[in-house]
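Look for subunit A in each of the two complexes below; its partner is subunit B in the first and subunit C in the second.
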Partner chain A sequence: MADIRLEGVRKVFGGKVFAVRDLTLTFPSGSVTCLLGPSGCGKTTLMRMIAGLEEPTSGEIYFDNERVTHLSPSQRHIGMVFQYPVVYRGISVEENIALPLTHDKRLSPAERRARIESVLETLDLAPYAKRDVSTLDNGTRQKVAVAREVARQPRIILFDEPITNVDVSSKMQLKRALKRLVKQHSQTIIYVTHDQTEAMTLADEIALMRDGMIVQRGVPSEIYDHPSDRFGGWFLGNPGMNFIDYRLDNGALVGGLFAQPLRLNQTTEAHILVGIRPERLRVQTTPAPNWVPARVRRSAIVAGGQHLLTLEIDAITVKAKVPESLRVEEGETVYVACDPDDLTLFDADGHRLQARILA
Partner chain B sequence: MQAESTERIAYAAPRTRGLMRGRAFLVRLLNDIRVFPALLLIPVLIFFILWNVIPTLWMIGLSFYKYSLMSPNERFLGLRNYNDILNDVQVWASLGRTFVWVFAGVSIQTALGFLLGLLFWGSRDMPGRRIALTMLFAPMIITPIAAGAFFQLIYEPTFGVVNWVVRQFGGNVNLLGDTNLAFGAVLFVDIWMWTPFMILITLAALGSVPKAELEAAEVDRLPWLQRFRHIILPNAKFILMLGILLRTIDSFKTLDLIYLMTRGGPGNTTDLIALLLRRQAFEALEFGWASALALILLLTAIAFTSIYLYILNLSSKRQEA
Partner chain C sequence: MMRVRGWRKTVYHTALWLVALIFFAPIAWIILGAFKTRSGILATPPLLIFTPTLDNFIDLFSRRNIPGYFLNSFVMSLSAMVIAIVVSFMAAYAFSRFKPRITNFLMFMLLSIRMVPAVAVVVPVYLMYAAIGWKNSYIGLILFYAMFSIPFSVWILKGFLDGVSQRYDETALVNGGTRWHVLFRVVLPQVAPGLVAAFIFNLIFVWNEFLFNLILGGRDTTMIPVAFSTDLYSDGGLNWTFIAAMATAYMIPPIILVYVFQKYLLVGMTFGTVRGEV
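Our next item is the complex of A and B:
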């Protein structure tokens, strides 16, 4: 266990591509942090610098106050699981896990045995223990790679999109195993992914990355419910947040989603972006006071048996997730309302506003 | 505009109708997926038949005859040529020497090439690496005749540099004239020439090792021997084996280098099978006998190839299983 501290870490490729821009942050000891962001946001580069596979252009990296910036990966005593499952060829699953352990002189044979047994158990690998690794599918191979790193008990384990190259059927299994694993072991884990559900289920804390910078850090629910930036609202959720442009009318939001004008406590901005998650939009088929009529343009079934509606309210188009029980046809008129607490307000540049809606 | 062009076609049609029909037929033929691949093969097949199949068949035919340019009458001998060859002490001696040549040459080239290749592979950030690589490959680019000529001068007892060095220590050596040393001296040139090829193959093979696997081993702190066994070798062995196969077949046919440097001498200590074959065919002009020997050598080379391919197949099957 160790905390990871970055100080002004920057990585520039070829003198002009800024992969990581002057990051200063700490990953607390014993926590699972997910680096989440779209492809090319610098999350993998950041992780590779922590692993020592990439040297920062400037800045320092510390593990528990020990400066490791210029140490090789093997000197850092870390574990890493790669995107592509890496197994050591020509030997069995058990031997794969044992291989890095045999060089740890402090480990007694009994201890080594116990560690191997334990990870085989945690990752459901016991039935494969004696199998040659080359006979396994990618999903199981990745499990072997995870087991190998966990058994080493390094101070930090890094995961670089471990689920990406695994076929769909083993994905769920691997996800479950990883979840169980992070619950059981209290190692410092950094987990890079572009898949938000992975991040949401595994992470103690999510660090949302974009263009080489951390946009927001926080526990998953906080990041999801209160994105600090338009990007977070858009990137998280499937589909992401609805954004509706409003021009303030006497310090109030008028029309569109709202039957009654909504007054804000701050009025410095002329333009306001109102964000609302599709699943927070309330929809019903019968008219009611203060509910706004909307026309259903499209209706589609999404995962979890829900319907995703594309609604038109005057000139505004929004998406809403509704339960299957609400039967609506395309072209029909429905009624929409929203709770002011579910709204997130952004300024014209996409930063969250402190402004609140007055009841 | 539209009308005019239609008119022109209508006018031209009677004269070109036959041609058009021929063209349509060709287009249909070319678009036929059963015919098109075969058409693509035809040029290669023509050359292959002309330059490979016919001469080989001719050679096989000749091997059953006494066919000598010295006497005008060819005589059918059946398997007599083969019988003669298999009972010829000189052939067996040459063949034995050739096997030693191939085995020693290829294994030293492979070992040396692999080691040097590893060093080069690890020196990715060394300044001047490209120039060093280019220089390293120079021996491979030089023709064997030129290389042989260089080394003849280097080995020359009166003004060659090797003997000059030996003389400084009070000795005297004629590398190409000494029955004990000539074979090694010539083999050294072959190794000098072909080690770069194995370096190239090694670099290609090492290039095929996935980066993530090497990084994982680095993170896992595996010792070099195990990185080699569990990562490098499983990934690199196919290309390495291909290199060894190519070198084996080529080494088996070595003629030019030795022909220039020693002509098989002194005595017959460097007389490889290809030299014997050349002598029988183009000096003794015994084409029947030489053809029979050539066929035996061809079959030997095919046997080598099959063994290698068998080994490769075996390991690839294990990989897939």
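Our next item is the complex of A and C:
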């Protein structure tokens, strides 16, 4: 176990491409942090710098209080799992896991054996122990790669999108195994992904990255419910948040989604973006006081048996997730309402506002 | 439909057999000749049915200098290859992994060196060797052959190494391995087919080499191809049974190698590009 501290870490490629911009943050010891962000946001570069595969252009990296910025990967005592399953072909699963351990002279054969057994057990690899890895599918190979790193018991393990290249059927299984693993072991784990469900299920904490910067950090529910930035609202969720442009009318939000004007306690902004998650919009087919009418433009089935509706309210288009039981046709009129607590307010630049809606 | 296909197949196979026979006829003639007597080998029409004799081989290997030629061929081609493969593997690894800025240019240079006709460099190489004093020396010839084999081997091996994901290197580095460990324990086993292909291709090149062995070699470093030209005559004429016996013995090692390693030669000829892996 060790915490990882970055101080002003920057990586510039070719003198002009900023992959990582002056990051200062700490990954706490023994926790699972997911670096989440779209492709090309610098998360893999950041990870490679922590592993020592890439040297920062400037800034320092510390494991606990040891400065590791210029140490080679092998001197850092970490484990790393890549997107592609890296296994040594032609030898068995067991031998693959044992390979790095055999170079560790401090380990007794009994202890080595015990570690291998334990990790085979945790990752459901016991039935494959004697099989040649070349005969296994990608999902199982990736498990072997994970097992090899875990068995070494490094103080830090880095995962670089380990699930991305695994076929759908093994994905769930691998995800479950990883979850079990992070619960059992108390190593410091950084997990890079662009898949939000992976991040939500595995992480103690999510660090949302964009353009080489950390946009927001927090526990998954906080990041999801209270994005600090328009980007977080848009990137998380499937589909992301609805954003509706409002011009404040006497310090109140008028029209559109709201049947009654909603007053805000701070009114310095002229323009406000109102964010609401599609699943938080309430939709029904019968009219009621304070519900606004909307026309259904499109209806599609999404995962989980829900319907995704594209609704038009005056000139506004929003998306809403509704249960399948609510049967609506395209072109029909439905009624929409929302709870002020479910709204997130942003300024014109997309930063979250502290302003609250007065009851 | 089936019949048309069957008919085409027959024509195709007949053509293949015909081509194979045309190519194989001289080889068959020389191999049969090795077992004939001196009068039998020149008989017209050629004798197809005759009593084979091993006299020619006994004569061949009882000559004092012949085993030495074979030994020279073996020692020089094998040692030149070992040097060439080690150097090429490391060079190809550097090109593949560290991607120096002028990689493409250097790779092009390497290939063009190989394209230059050997005769074009005979004079400068001879003068260099004479100056260094490496004429008729093992080390000189071995290094020359290694040098000549490196460009092609680098090309083959770079193709194979590009096919091995860098994540292998990185995993091994993170797992505590050194760069040497990565090179020889992690990456090398994965490009074994490429190594074998490069090894065999170049081994055959050295095995067949005549020009430089004639020019740079001498009495102590003569290999079999040169021996053909120097030990050709006896009793005032061309000694055909001697030629046939030596040619037969000379053909055996490459035939065995190609037979054993034929699948590697195929992947080698495609520069490793068929291995669409990680």
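Basically, the second predicted complex is superposed on the first by the 359 of 359 C-alpha atoms of A that agree within 3 Å, B and C clash if a C-alpha of one lies under 4 Å from a C-alpha of the other, contacts with A are read in each partner's own complex, and residues count from 1 in each chain.
Methods note: a contact is a pair of C-beta atoms (placed from the backbone, for glycine too) under 8 Å apart; a residue touches a chain by one contact, two chains touch by 3 or more.
This is a predicted model, so every value here is computed, not measured.
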{"item": "Superposition on subunit A - do subunit B and subunit C clash or fit", "value": "clash"}
{"item": "Touched partner set for A:291, first subunit B, second subunit C, both or neither", "value": "neither"}
{"item": "Subunit B versus subunit C as contact partner of A:79, first or second or both or neither", "value": "both"}
{"item": "First, second, both or neither for A:53, with subunit B first and subunit C second", "value": "both"}
{"item": "Touched partner set for A:234, first subunit B, second subunit C, both or neither", "value": "neither"}
{"item": "Touching partner for A:90 - first (subunit B), second (subunit C), both, neither", "value": "both"}
{"item": "Which of subunit B and subunit C A:134 touches, first, second, both or neither", "value": "first"}
{"item": "Overlapping contact positions on subunit A, where the subunit C interface meets the subunit B interface", "value": "51, 53, 72-74, 78-80, 82-84, 86, 88-90, 99-100, 103, 145, 148-149, 152"}
{"item": "Interface residues, subunit A side, partner subunit B - complex", "value": "51, 53, 72-74, 78-80, 82-84, 86, 88-91, 99-100, 103, 134-135, 145, 148-149, 152"}
{"item": "Contact set on subunit A toward subunit C in their complex", "value": "51-53, 72-74, 76-80, 82-84, 86, 88-90, 99-100, 103-104, 145, 148-149, 152"}
{"item": "Subunit C residues within the subunit A interface of the complex", "value": "165, 167-168, 170-171, 173-178, 186, 189-190, 278"}
{"item": "Subunit B residues within the subunit A interface of the complex", "value": "210, 212-213, 215-223, 226, 229-231, 234, 318-319, 321"}
